[in-house]
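One structure is given below, encoded as structure tokens.
Chain lettering (A, B, C and D) follows the sequence in which the chains are written, and residue indices restart at 1 in each chain.
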């Protein structure tokens, strides 16, 4: 049964220094509020996992929370580059960031293997690219029936998974809809999980396209209205495109970024619930 | 783009003598009408594939359409045994039926591998049982990362897949809901596919729990109202439990069965649309 | 047997359910001592809460009342395989001294069986991967055999340590419930021993209906008779089911 | 480039679309000559029919207008991997003589790159598994290089036969659309050759902006200029998009 807790408490229970943790969301329902709370709690030494690291990962990396990133595409979607990510990779600022790099198909299959309790997944991919040369986590595997050689990737094993969803009920059953990405798989890969939600309701009436994570598969639920801002939360809010554009400027400069951290994460204005 | 055709035409285009074919439906939305049309068209030498062969497979086997069955559980759900299936296995009546036998998990993974364009799937299963001794289609496989030994099963490769769904639109997009089993995977495993539907509508309004097979992934759609009778078609009809019970008597006796074939399949009463 | 099976389920357990006695027992448990029992049917319903017994695992009432309806591959791969299910139920045509189960064929020749049974279904992986397994079977020398003709689902193999050697991660069949009583694996040998008798059943009857010289636990219990409220709940469940047919 | 890319799409094609120029081109094609074009976004929307351009692949308009919304693993495993997608689009920071594409790092040292790029995303498997691939990239000597610094996505490897040797089942990059014209692989060698120029562009300009001595096809075409109706449709699409922001 999931426990319903405050965001601060849930984050402190679920995300610890040195953890391997995924904040998933395939450009929709990105758990920004939870990520900001992790920065606020000054977690260190995280291995961050995600298919599409974007602004919240740029922020976590710039704030010095992470020493490793496992990913398949890192950018500011529709805008450009992630400057804190680049600065960490190229200049070790604020700390060195080690990379393990995959394709989307590879990462998706690593999540599937983890969710399935298997040590690895089989796929057609990576062949002929320079990606296998940079990690030992891509290996050939031979079909025992046809002799064909395919590619294996190891399961993702997460200490923690954090996602944002539209709703939960009072028992802690979680419902999300729209583009649901790999969020279910991320939760099922993890030893501990936290779902932030727009609201808690008495009953999760069925909705087209919705998936439900039963309460017994989730550890913590925390109410965080607008917790996906500036990304989308379908049915609740649309993307704050100005924020994404403004981030390009903020992220580009270390001073500017540190000012943003101080003003919006560590000392937010009274009533500033998001960002 | 799926073609919309009559049941008789669609079956004759999709199911040919000697084919490997799955009529899927996990005790819900079982394509009975299409199966009866196959009997009527006197197909021979079929390899029938299904996780849960039940009455319609008993009927196809008794009618002499099949020479091979790939399956994981064969019975009359909630009632008892399949007597035509037993008679074919034990007495070669009306013809010898070769068996290839798996577990549900194995069959489900074989469908997944086929739908994924992979030659095999990896799972935890079969270990210590006598099932691997009876087929070469279960093999050990070693994880290239951990050295752990798991089980591999080959992808299902179907010439044809036949399923029943609630609705299609005029473009041939197919919508089904309720328990959807492995129907999507079956269609995606097959070179040719046929979906029988309760009705064709102008627009597929989204429904909770519904899945949609896009028209470009389906070959034929045929209208067959009540085409899942006597099984369920959620939202349209419930299981005709008397039919399942009565089948136990009909299937038990060769004469009785042949009479049933004559009266209900080859020479149905005028207006007898189902069974 | 139904009441005894229902009692074996704890409130809050996640239970993998098949049609027949397991479904009846699980739904009875939900209506008596375990309202928070989570029912997972292999057709893809997580947390189904039917108000009558489903006719088959494809019954619409399961989808209508479930917390989530998922595909069959997802049931097996995301939920059963990783060990997320606490309790699995198995039936058996044969069960042997080490709780191995046969639902495939009776007879020595797989290709020419004496009796062709339905086959494996979900059983091999239920037996492998659930935290623990309950087997429900009527006691007879035909069913309780020294060695099953075909191992469809592994109990304890040939004895202690075999599950570990095979890499099976679930706990295996901890409880075999029959019409006469309960058998459980001896902690030292994993051999099934009689640990409880139902009211009015003598140990000689159990011995006479077991196909090997069955041992009896030192602390042989007697199961409590069904309570009036259990019997009433079971009757109500069956009535509601018949009204639907 | 956008109009040229739109024209490369045939009515009824199933097209794997990323944000940016590919999404604009695909939606333009849907509004002009290819109303039956099927758009698949890697976020999990099959058959999205947005009436404006999505801001990102997570845009709700994709889910709202799609025939089906599926999980990301399903997109890659059930739809892309088996070769069910006709056309894939790729962008490129670098592309080489054999149409191999780099979106990972600029520079010789992967660990200490001159420029760290976003990475692979869906590209390696799009390049491997789509029936054919269209690459859209502005022409410059920085982008068009003899050999890419890092092979993120395989075009034709080191030349003819390499795709087959690697077991790649899709057709590879059949069309490279730039701001100057179109390059296509020579059927004999798989080397990219200039096959068309946009109106007003000379071949010398293409040569000057290509980092290898690029060959020109014997049958060099000139692309038709955008028609008024194409330009109007493009303008309308952009207006509708801006109104939403």
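By our rule, contacts are C-beta pairs under 8 Å (C-beta built on N, C-alpha and C of every residue); 3 or more make two chains touch, one makes a residue touch a chain.
In this text, all values refer to a predicted model and were calculated from it rather than measured experimentally.
Two chain pairs, A-D and B-D, are weighed by contacting C-beta pairs, with A-D ahead. Chain D has its Cα centroid 27 Å from the Cα centroid of chain A.
Chain A and chain B have Cα centroids lying 40 Å from one another. Between chain C and chain D the centroid-to-centroid distance comes to 55 Å (mean Cα coordinates, whole Å). Of all residues in chain D, those that touch two or more other chains are 77, 81, 129.
Residues of chain A found to touch two or more other chains are 112, 117-118, 123-124, 148, 184-185, 209. Pairwise chain contacts present here: A-B, A-C, A-D, B-C, B-D [touch as defined]. Of all the residues in chain D, the ones that touch chain B in their complex are 12, 14, 38, 46-47, 67-68, 77-78, 81-84, 129. Residues 25-29, 51-52, 71-75, 77-78, 81-82, 85-86, 89-90, 101-105, 108-109, 111-112, 123-131, 134, 148-149, 177-182, 184-185, 209, 231-232, 234, 238-239, 241 of chain B touch chain C in their complex. On chain D, the positions that touch chain A within their shared complex are 19-20, 42-45, 55-60, 62-63, 69, 71-73, 75-77, 80-81, 104, 110, 112-113, 115-125, 128-129, 150-154, 157, 162, 166-169, 245. Contacts from chain B toward chain A in the complex involve residues 117-124, 137, 139-141, 143-146, 148, 150, 152, 154, 206-210.
Looking at the complex, you find that chain B touches chain D at residues 1, 112, 115-118, 173, 184-185, 188, 204, 211-214, 216-217.
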